[in-house]
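Following: one structure in structure tokens, then a few remarks.
Labels A, B, C and D are assigned to the chains in the order they are written; within every chain, residues are numbered from 1.
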Amino acid sequence: MILLEPRAFDPYAHLSAFSAEAVGAGAVASFIGVVRGDDGKGVLALFLDYFPGVTEKAITQAAEEARRRWPLVGVRIVHRIGEVKVGEPVVLVAVAAVHRRPALEACDFLMDFLKTEAPFWKKERRKDGDVWIEPRAEDYADRARWDE
Amino acid sequence: MILLEPRAFDPYAHLSAFSAEAVGAGAVASFIGVVRGDDGKGVLALFLDYFPGVTEKAITQAAEEARRRWPLVGVRIVHRIGEVKVGEPVVLVAVAAVHRRPALEACDFLMDFLKTEAPFWKKERRKDGDVWIEPRAEDYADRARWDE
Amino acid sequence: MARLLFFGALSDVMGRERALMLPENVRTARALIDHLCGFDSAFAAAYSQSRLRIAVNEIIVPPETPIGDSDEIAFLPPFSGG
Amino acid sequence: MARLLFFGALSDVMGRERALMLPENVRTARALIDHLCGFDSAFAAAYSQSRLRIAVNEIIVPPETPIGDSDEIAFLPPFSGG
């Protein structure tokens, strides 16, 4: 399931439902990203722009790519769009597999994808104004680990 | 928090409480291991033996080692002991950090530790009798990735 | 009229969407970028700051891709999700 | 009397706990293993199947570690958690 979510969501309820559906999986790896507010930049919220239709398709393709690389039982990705408040989850990636390493690696792979290759644009709403964010050099390097 | 749990536990409730406590973390990586029953071996349940006092201490030291290697905000490990039914969670590892890679890597590290270096002994109760399980060669190889 | 879409930082300076009758000499995505840089200094400034990707009819394409008046051309600054 | 503890597969054949007056020639963990193998064939069989680790007073130690009658000596088959 790939979901672009315009409202606050409960990642633990998603994870619970996802695990219940992942019949035969012995391993569920997950990643939850939360908007940080206490980093001295005065971030009040994020705003996430996206390209309707294209963003969903890109994420779906990344999930298919993960299934091609690892034997997986299931993948769920929930990503906020629009305004996201400090402290709210902005992304959930959950991967179920028979064994742990495929689940953990695919989760890592999908997060690197979302940071640099999924059509999202992130703006920080700060006390002193709005700033569009680009990935760090580190994010691109992390993504390059998966090049075949 | 390191917890040896003799009864079925709700990993999503743990994860939710853990995230709420992890103030300042932008990233929560987690792993949930579940007892598989449909692998043709006729597994009815697991039984987990442990060394009271020593097992907790070994896991605590592994969590400290993870904190030494990566900048982490928090670690929670819940591991079942005693009888664990098919379909029940047997382990939860949750790691919170400011950024995603430390959280994901420390989660991976701690699972490799639990598979091969934590004083647990796992018996499968199968239709045709009980079988003590030893780690696979793969598990030892995964663990060796972290040797310094 | 070609339909132009702008995302991220570009949408702040250009709005989300514009319709444009493509001039005769603008026949590729790259030529369209040059054209926009020429008549819109805000676009030129935003463009110079980061590598753009171009999607024609929802498919990301190289800048040399031919475009026409029936196309939707989207300008995509570097992605930053997660 | 030394307190011997057995875990995992070993606990099935030896029980969890035994008290043992250490014979005079048994002064290291390794000598105790040899001793147990000699008088208990079930232990010998279980021992031969996998590498044991030894904990003396809850600390994992090399087999050459000295032991005495006031010690707790635990026999640990290969760990398998998670």
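Just so it is clear, a contact is a pair of C-beta atoms (placed from the backbone, for glycine too) under 8 Å apart; a residue touches a chain by one contact, two chains touch by 3 or more.
Since the structure is predicted, the reported quantities are computational estimates derived from the model, not experimental observations.
Both subunit A and subunit C are touched by no common chain. Hopping across touching chains, the smallest step count from subunit A to subunit D is 2. Note: centroid distance subunit B to subunit C, computed from Cα atoms, is 49 Å. Taking each chain's centre as the mean of its C-alpha atoms, subunit B lies 27 Å from subunit D.
As a whole-number value, the distance joining the C-alpha centres of subunit A and subunit B reads 23 Å. Distance from the subunit C centre to the subunit D centre is 74 Å, each centre being the mean of its Cα atoms.
The set of subunit C residues that touch two or more partner chains comprises 82.
Multi-chain contact residues of subunit B (touching two or more other chains): 33, 100, 111, 115. Every pair of chains meeting the touch criterion is listed here: A-B, A-C, B-D. Residues 5, 7-9, 11-12, 50, 55, 58, 74, 76-82 of subunit C are the ones that touch subunit A when the two sit in their complex.
Across the complex, subunit B is touched by residues 12-13, 15-16, 19, 23-36, 38-39, 98, 100-101, 103-104, 107-108, 111, 115, 138, 142 of subunit A.
Within the complex formed with subunit C, the subunit A residues making contact are 33, 48-51, 53-54, 57, 79, 90-91, 111, 114-123, 130, 132-135.
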